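Presented sequentially are two complexes of subunit A, the first with subunit B as partner and the second with subunit C.
Our next item is the complex of A and B:
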């Protein structure tokens, strides 16, 4: 069921996507500078004005949103696939498999996520791939824990045990019994995970460890534009609003399926 | 309890090994000639020449084989020798001690502020779920949670330092410098914990044991003090681990934003200037702190709730 909050979240995401698409109709490049028109107010050529180097803000902000969204989606896809599979195998087969994966999860959990991402991304600075790898490494733990716990409890349910007794194969049991009850959890986790990935990406951009200029990235844009706050507060406001809208949208989307302790 | 302790010890060992190995790989893999970079960090970019780079190479023995350096690296870690900062040349351990003190100060003040915000709001809204106050607190918390913590800090700077000129923008010194960073951290922590406390409180006051306490004639306050509070505390304890993540990650961001001379600022700064012994030591200390906080939470849960004895094995985190 889709509730009001989720509709609102989907609406915000849609508006952001329209913004990204709108950029296709302007021919401005994210890196081309025009030093004669620094901090121009919005105009037809530059619908959202220009920044400290006279670069088009619409181009930059939509490219940054696109970067955030693509980073979030590939991280979530990777993390959910790996987390769900390992969580399932851990719970279903138990024994050594379970012990192995649980140990791995336990040791990765010893470090806060942001520290892991900072360390990995400082191995190869400014690398999209390292950031992707480390965010996925942080995100898959949640999927593992949730899916493992869910499958553990489902495994001992009479319905599942009957299916096994009747000799139905694993694929059938998965589709008939397990998948229906883990898919809502997965959707919720995916939305929270996407929001988290966007926050982490912006955080490391903000401490200047993430993607490098001239790439447009929300956290990076904030540090770059902050010194010009008194000249052009509306330009600084754009990445702030963009990240707020993105994370809020994903958090709202997550709400519907969650019966978590946090609302 | 033994399993929990050994699990935490294992985590601590892993933190040291993983951070050590990652730092070592970093040392080998980072692009650019290390000797030149270090020389630039020491003497400034204008002063670097081949001679300076050679000097750095011979001083730090940068021309050995990778494997011998890796075992040297882990060996000195095992002896708690973190080496000297590549930039300042001073012992890392010495610098870390200073920074740790500053970070503790910030963390402590932030935690106190967040408790002062979250506990009253959480319990008030929990006892009056779906009231106007509850909806307002949910709204504010949802807005705060949709921001990275540094944006909260940024907005506080814009409002209180630049517009009203009440507080210093950033830096370290008198007590007025700690107000903004601690408040930013506290707000991001309280956004989460106030809702958590609200839900636990609401569950407690609508539970049958609480209803029974009221039924047998205890006043609202008596029932809350005697029956709701212990249960709320117990359920809230494991959640402190989540808050610890919030706190440690927040410290990295907030200290960098406010130039607070703590360990998070040291980490971000070290990554930027490629000072790998500093990266290693600061990341390691933060990881170990996190493990220590979680161990204390385990211990507290164990001491408060005797039932955990029976189910210690399936209690994780």
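Our next item is the complex of A and C:
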């Protein structure tokens, strides 16, 4: 069931997507500069005004939101698939398999997530792929731990034993036993994970390690606009608001605690 | 004198408007016993929750409940909490669910002494040890519930439930899963409440009802169908359902004929197994032949279920070997299956039974006609297939478990206390279907039960784990 909080979260996401789509109808480019009109107030040509180089704010902010959203979604998809599968196999087979994956997870967990991302993205600076790889590497741990713990207890349940006696294979056990009991948890993790991915991307953008100009990225926009905060606070406010709205939307979407397991 | 507990015109409905308890009236006088007997899923357990004021949310209740002469609606939450345990104890049905799975047994009991009787930590631990000794559980205080058998957990749950010293006890299936000796001890303990306080017992165990005496209420579909003095109801039942119940409980079983020169199908050779530091089996040998019915009895914790799981190859022995000698049977069909004690845990919880049945049918291909024949035999209506497991009663679910098993035509079935949670009538249906299948298909059965009379009647030979080690 979808509750009111989740509807609100979905609503905010929808508004942001409309903003992204709205940019399709303006012909402004994210990189084309117009030094005659810096910090222009909103007008018909520039619906959200312009920045310090006279670039269209709407074009830049919607491109940045799109970047954040696509980064978040591919990271979450990768992390949840890998985390769920490794967690399942780790708990199901136990022994060496479990020891191997658990050791890997413990090693990664010993490092703060942001350090890993900084490390990876400084190998090939400005690479979208490296950032994607490193964020996924940080995110899959949670899925691994949740799924592993769940499967450990599931394995000894009579219902699973019964399915094995009936001759059903692993895929069946994943589909009928595991999936229904973890899908709510996975959805919750995915929402928080998406919020986290957006924050990580913006954080490294803010310290100039992430994507490079002239790309539009929320963290990068903030740090670029920072020197002009007294001249044009309303321009700086735009990426701030965007990131706030994105993270809020995903946290609202996450369903905490109130999941009714069976109905 | 005011009755201890009184219910008048009590009706309880669930979210969908289904009546779980319908227009129920009864009262419990002090120093007396009241036994509520009836079908699995007749709303007995929900009644106990209503009496304690702990109905789950979403369930609505009309009518009146009085505790010690005071209407439940006029008792505030904090007053009610003061009544719980100090005045009215509740022994819940599943010790495995009511005990904390990660807390040592001793602590679960000593908490009561510490926080209800306000004893010091050390004194409370001592008191807990005393009650463990009284219940014959010396040396088990440091263990967590998963390391104890069902019967042992049941006794710990009893100790924790009654430690606060309430005079009235509401016991939900207190003898379920207990062997005869412990059942007798439990009955003795319950009788103490009957004589010095008050006792409400919810059960489907006729023998328990007989021994406790007092008033008996027979329930079916949430309604009282017969009420009266225990001996009168049990010797001269007026209602036809009660008559059926009593005749099912006293039924004599005819065991199927033993086959001439049966082939062995499963052999256990020099099998050893230990649980923790305790050795359960040492160099144990067993040969199971086709068409053979083997009964297994023994006290809780002697490893009955472990032996059964060994024979199903669900457990690996520490040493020794388990060999199957099946032939001529379709290779992909499962040959060994298990009918377990708690049907509620044997189905994936989130799917309607129809989906599970279809899964099975796709995998193993059996006729739809065959499904209908067996469902008829088990008294299952096709309407139930649309429900998810938790919407059905234990009796219905156990019959579905058996349906799934019989459809696959296994050569060997383990029945691990298959009827201990069922009312007598359902138990009879299950046992009957099981035995007639064995006879028809020359399959073997390992039947685990605490009911020695039943085991002796149906089995060709009996393994008594109390005597083997």
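Here is the rule we go by: the second predicted complex is superposed on the first by the 255 of 263 C-alpha atoms of A that agree within 3 Å, B and C clash if a C-alpha of one lies under 4 Å from a C-alpha of the other, contacts with A are read in each partner's own complex, and residues count from 1 in each chain.
In this section, a residue touches a chain if its C-beta (ideal position, glycine included) is under 8 Å from a C-beta of that chain, and two chains touch if they have at least 3 such contacts.
In this text, all values refer to a predicted model and were calculated from it rather than measured experimentally.
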item: Contacts of A:52 with subunit B and subunit C, given as first, second, both or neither; value: neither
item: Which superposed partner A:165 touches (first subunit B, second subunit C, both, neither); value: second
item: Contact breadth on subunit A, by residue count: subunit C or subunit B; value: B
item: First, second, both or neither for A:109, with subunit B first and subunit C second; value: first
item: Touched partner set for A:184, first subunit B, second subunit C, both or neither; value: neither
item: Contacts of A:209 with subunit B and subunit C, given as first, second, both or neither; value: first
item: Which of subunit B and subunit C A:33 touches, first, second, both or neither; value: neither
item: Contacts of A:127 with subunit B and subunit C, given as first, second, both or neither; value: neither
item: Overlapping contact positions on subunit A, where the subunit C interface meets the subunit B interface; value: 261-262
item: For the subunit B and subunit A complex, residues of the former touching the latter; value: 7, 10-12, 14-15, 18-19, 22-23, 25-26, 29-31, 138, 142-143, 145-148, 150-151, 154-155, 158, 162, 192, 195-196, 199-200, 239, 244-245, 248-249, 252-253, 256-257, 267-268, 271-272, 279, 283, 286-287, 290-291, 316-317
item: Interface residues, subunit C side, partner subunit A - complex; value: 312, 314, 332-334, 336-338, 340, 342, 345-351, 356, 359-360, 363-364, 388, 390, 404, 408
item: Residue ranges of subunit A touching subunit C (in the complex, touch as defined); value: 157-159, 161-168, 172, 176-177, 180-181, 261-262
item: Residue ranges of subunit A in contact with subunit B within the complex; value: 106-107, 109-115, 118-120, 122-125, 145, 195, 199, 202-203, 206-209, 219, 222, 226, 229-230, 240, 243-244, 247-248, 251, 261-263
